[in-house]
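This is the structure, below, for whatever I ask next.
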Amino acid sequence: MTDHQRLETGADLRKLVERLYPLCRSITGDGVRRTLEIVGEHIPLEIHEVPTGTQVLDWTVPQEWNIRDAYIKDTSGRRVVDFGESNLHVVGYSVPVSRKMPLAELREHLHTLPDQPSWVPYRTSYYSPTWGFCLAQETLDAMPDGEYEVHIDSTLDDGQLTYAEHVVPGEVADEVIISCHTCHPSLANDNVAGIAIAAAFAQTLENPHHTYRFLFMPGTIGAITWLARNTDRVDRIKAGLVLACAGDPGSLTYKRSRRGDAEIDRVLAYVLADRAHKVVDFSPYGYDERQFCSPGFNLGVGSLTRTPYAGYPEYHTSADNLDFVSTEAMEETLQTLRDTFAVLDRNRSYVNLSPYGEPQLGKRGLYDSLGGRSDAKQAQMAMLWVLNLSDGEHSLLDVAERSGLPFDSVVAAAQALHDAGLLKD
Amino acid sequence: MTDHQRLETGADLRKLVERLYPLCRSITGDGVRRTLEIVGEHIPLEIHEVPTGTQVLDWTVPQEWNIRDAYIKDTSGRRVVDFGESNLHVVGYSVPVSRKMPLAELREHLHTLPDQPSWVPYRTSYYSPTWGFCLAQETLDAMPDGEYEVHIDSTLDDGQLTYAEHVVPGEVADEVIISCHTCHPSLANDNVAGIAIAAAFAQTLENPHHTYRFLFMPGTIGAITWLARNTDRVDRIKAGLVLACAGDPGSLTYKRSRRGDAEIDRVLAYVLADRAHKVVDFSPYGYDERQFCSPGFNLGVGSLTRTPYAGYPEYHTSADNLDFVSTEAMEETLQTLRDTFAVLDRNRSYVNLSPYGEPQLGKRGLYDSLGGRSDAKQAQMAMLWVLNLSDGEHSLLDVAERSGLPFDSVVAAAQALHDAGLLKD
Amino acid sequence: MTDHQRLETGADLRKLVERLYPLCRSITGDGVRRTLEIVGEHIPLEIHEVPTGTQVLDWTVPQEWNIRDAYIKDTSGRRVVDFGESNLHVVGYSVPVSRKMPLAELREHLHTLPDQPSWVPYRTSYYSPTWGFCLAQETLDAMPDGEYEVHIDSTLDDGQLTYAEHVVPGEVADEVIISCHTCHPSLANDNVAGIAIAAAFAQTLENPHHTYRFLFMPGTIGAITWLARNTDRVDRIKAGLVLACAGDPGSLTYKRSRRGDAEIDRVLAYVLADRAHKVVDFSPYGYDERQFCSPGFNLGVGSLTRTPYAGYPEYHTSADNLDFVSTEAMEETLQTLRDTFAVLDRNRSYVNLSPYGEPQLGKRGLYDSLGGRSDAKQAQMAMLWVLNLSDGEHSLLDVAERSGLPFDSVVAAAQALHDAGLLKD
C-alpha cells in the first residue's frame, strides 16, 4: 500500500473529511465517483458501475442524476438561493427546470425548517420525478412576494450506479464486511466521517484471519444492488458493521443485528463495556443494516454510530457540517473499530485434547515459563479457564466473559496451550 | 339474534345480575336451569342434560339436588333461620331432615363466621351426604338453649347435570373458549357477574376469525363432564379464559395458563399493560382452569378475574351481594374481554414473500397511499417491522411488542402488505 | 457400624479435629495413613494404595514423601525453626538436606509472610525437587547473620499414594460422591474440619435411595488418581459435593458445578435459601471440583465451603489453627449436608396416571384422611401441585419451588398419591 496516502493522525482524518465534505453526492452520479477517487488515494478500490435499469432484487437501478448549477433569482437578478453555496439547496434528484413563477406558486417547491430558521434541510426525491429547493426559513421570510426565476441545470438520464469495494484477504475466506453509505452530499457526520474512518481502519488491517470487505455504496439501492450481485457470497459473511454518524460529539451507540446474539453483537458489547456507550436493539429503520438484516439474509451485521440515526437536531440539515464532527470523536470511533476486530478476528473455539481432569501444566513448562512474570497468576488462571471451557461450544470471548480476564490474556493462554498440543482448533 | 334482549349498557348488565342473583344454584338442579333460561333470553343456548351416574373422566355425575324450603324454628314457632330469606342458609346438597333437637346437638350442623359475626357463610357438601345450616354468628349467639325444629325440604335423586353452550362460528374451526361457573347460589361477584359479562360479550362477537364457544357450567364436575364429552374437540381449542369474580371493585387479575407462555398469556399481558392489573402464575387452585390446565389437557387457558379467587373477605359469604359488585367494574371487565379477543382474533404469523432486502414499497403505492395521513410515519414503520419479522416465526403480536407500535397499526400494515402480494398467511 | 465411635455432638466433632490437626499430611506418606486410621475409628474405610509411577490420566503418581525431623539451628545449637513445633515449618516434599550455610544463602530457601509477621506460611513443591523452610517474619528478623545448620530428615522414594473410600449402599446404583482433600498438614479449616464433618455425616446416612461414596484423598493428584481408576463408574455419579473450609466462622458458600444447573446446584440453592449464604459460579480454581468438572467429565459436582478457597487471611498459614474453626460453624455445615441430601435423596419425577382433569381425591380417602390435621390445607395443595406438575418433566423440587410449599409436604403428597395409584415413578 506504499503509494497510498496514510491516514495516521486525527489531523489526517479531518483533512480527508474536509476534502469530501463539499462534494455533491447522491445515489448516483459524478459526486460519488469523485468521492471514491479521493478515497482511492488512501486505499485501493475496485469501482463497480451498474447500468440504469438493472433489476436488483425487488428494485431497479434508477437513472443517473447529475447537476451543474441551480438557483432562485429575485427580480433584481440576485441569487437568493444558490446551489453554488451549498449542494443541500437543491432537492436530490430534482429534474431540470427553468421558469419564472410567483412566490405563491414557488412555495410548493420550497422546504424549510421553521423550528431551526437558520438551517437548511436535506431532502431528496429519488423515485418520483419532481424538483425543489431547500433553504433557511429566515431566507424564505425575507423573500418578498413577486416573480422569481428558478433554474436547475440537472440531468436525469440512463447511466450507472457507482459503488466501490476494498478487500483485505485473510487466512480464511470467511468475510467481515464494513459498509458506509456514500449518497449524502454535504453532511459531515452523515456520512463523510464514516467513510474516512473506514478508510483509515482499512489501512491498518494486516494479515487478518478473516477476509475484510469494505463497501462504499449509496444507501438502500446500493446495498440492494450489492446484495443482488453477491448473493452467492452472502453465506461467507460471518459478521459486519454498518458505519455511520461516526464523528459527532455524542457517545458511541451500537445497534444489534436482527439476530440479537450474533458474534458481532457479543463482541461489541464486550468492547464497548469500557467506554461510554449505548446498545440498542435492532429495528428495521436506519442505515443499510435494514438490507443486511432483512429476513431472507438475516446476517450478523450490526450498526456502529455515535449518536444514532436521526437522533440529533443537526441530522439531515446544514448544521451537520465540519464544525459538528470532532476529531477526538472520530479517533475514538476508529479505535473502537480496531478493538472490535482485534477481538472478533482472534475469537474462536478450541477443543481441549486432554479433557479428563486437568492436564499437568508443569511438566510441559507452562508453569515454569511463567515464574518470572508479574502477570503469572493471570496467565495461569487464563490457561485453566481455556482448558475448562474448550469443549468446542465456548469461544475465547465466552472464556473472557465468564472469567473476567482480559481477552488478550485468554488469547495468549490459548496460544500457549495450542503450542503445547493441549488444544486443537 | 333479533329476538334476544340486548345487553348494551352497564344498566343492562346490572339488571341481569339482579335477576340471576336470588336463584338457588348448585352443581345440579332447577336453579341452574332457571339461570340458563334467563341467560337464554339474551343469547341462544344449547342446553345439555347429563344423567346421574354417567362416568366422566375420573368422576361420576352425582344425583340431582333440589330444595323447596328449609328453616330452623324456635319453640315459639318463629323461623330464626329461613331459606326463604337467603339460599346461603342451607348447606348445598343437604339431605332432607325434619326433626326436633336441642341446640347442643344442632350446633354440629351449624356454620358461622365468628370473625364476621353479621355475615352468613357459603358451604356445600356435594360428595358426602349430610345436612347443615349457615347463619350469622350474631344469630347463633341470640339463640337460647332449648329445642329447635329443623326442616329441610330437599330431594337428592337420580336426575341430570345441566350445562349450556353458546357457539359463535368463526372463519376457522379453531376454537376459543370462555367458561363461567354456574353453581354458586346468591353470590353476586362469584359468579353472577361473570355470567352476565360473558353473555354481553357473546352478543357483540360478529364474524370472528376463531370459533368462540361459551360454556356455562357448574364448577369442577361441570368442566370435567364437558371435557369428558368433548375429548375429540379439545385439540381445536387454541385459547381460552375462565371468567369469574368479574364485578368487584378490585383491579383486574390475570392468572396465566399452566404453560405460562401460551398465546392467551401473551395477549392478556399486552392488553392489560394499559390498565391497573396484576398477572399471577398458574396454580392448581381456583376455578376451572384447574381442569383445562390439568397435565393431560394442558390447554392455553388462563383465568380472568378482578380480585382473585378467595382474595377478598366477602368471598363465599353473604357479603358477596349486589352491593359488592360495581357497574363500572363490570364494564371494565367486559371491555377487557373485547380488547383481548380483538387482539387474539387478529393475531397471526405471515411470511414475507420478498424477504431479500426491503421490497420497494413506493412502486406499489404503499408510500403514496399514506402521504396524506397524519399517521403516515407510524404506518410506514409498521410496514417495515411487519416485513422484517414476517419469517413465519413471529406473530403480529410479536411485531407490536418489539416495535412498540399499536397492535391496530401492525394489523393494518399487514393487511396492506398482504393486499399488495408481499405477505402470505 | 456398632464398633465405630459415634460423632454425635459438636464436642465429638471438635475432638476429632483436635486429633487430626497435628499430623503431618501431604499428598503421600504416613501422615495420610495415620489420618485415615483415625477416621476409620468412626466409619469403615476401604484404603487404596497406588504405586509410584502409575500413570493416571495426564499425570503420574509421584514418589512417596516422609519426614521425621527438620530444623534450622543457630551457632549456639538452638533450633530457631523446628519441625517438631509445627509441620508447616518445612516446605512439603522437601528433599533431605544436612548442611551449614550462611544466612544470606539460606534466605533463598526461607518463606515468610511480611504482611503477617507472626504467622508461618504453608508451602509445597511436589513436582520440582527442592527444600525449604517456612517461618514467621518475626523469627527471620531476629536471626543474626552468620552460619546456620539446616537439617531435613526426609525421604522421597518410590512408594504409594494413599486414599480411602467409604460407601453407603443405596436402593439404586446411582451415586452421590462427597469428597475431601487429605493432603494438608496442620491447617484446621483446610481441611481437617471437612474430613471430620464428612465422617459425621456418613455415620447418619441410613438406607439412602442413592449410593453414597465418600472420598478421602489428596487434592488434585488424588482426585485424578481416583478418576483414572474409576472411569467406568463415573457415569453413575448423579451428584456430588467437594467439602472444604467447613469450620470457619464465615457464612456458607456454595460454588456451582460447571453445568450451573445440575440437580445439586438447584438443591443447594433451595436448601441454603433459609441460611446466610452465598452462591458463586463455577471457576476452574479451588478444590477437586476442578477435576470432577473438567470438560471431559463435566459432572454435577459443586463445592460447599464456608468462606471460600483463599478467601480469608488465615488461609494457608499457621493461623488456620484450632482456634480458627468454630464448633457451631461445623455443626451448621453438617446440618446443611444433612438437609441437602435429605432433599436430593427424595427428589424425583413422577407421572400422573390420571392426567385428564383432576382425579377425585375424595373417593380415595385423600380428603377424609386429612380432615383432622391442622396442616390439611397445605397437604391438599401439595397433592394438587404434585398432580398438576407430574408430567415426567418436573421433579418434586420443581413442585416445591413453584408452589412455595415445603419440600417435606410435597414428598408426603407424592407418597400418598403414589400409594393411591395416582402416580407412577
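Each chain gets a letter, A, B and C, in the order it is written, and its residues are counted from 1.
One rule holds for everything that comes next: contacts are C-beta pairs under 8 Å (C-beta built on N, C-alpha and C of every residue); 3 or more make two chains touch, one makes a residue touch a chain.
Treat the numbers as computed from the prediction; the structure is a model and nothing was measured.
At the interface between subunit A and subunit C, under half of the residue numbers appear on both sides, which makes the contact a different-residue one. A turn of 120° superposes the CA atoms of subunit A on those of subunit B, with the angle given to the nearest 5. The geometric centre of subunit A is 56 Å away from that of subunit C, both derived from CA atoms.
Chain contacts: subunit A has no residue touching two or more partner chains.
Of all the residues in subunit A, the ones that touch subunit B in their complex are 57-59, 127-128, 220, 223-224, 227-228, 231, 258, 281, 283-285, 290-291, 293-298.
Against subunit C, the residues of subunit A that register as touching in their complex are 352, 354-360, 362-363, 381, 384-385, 387-391, 402-403.
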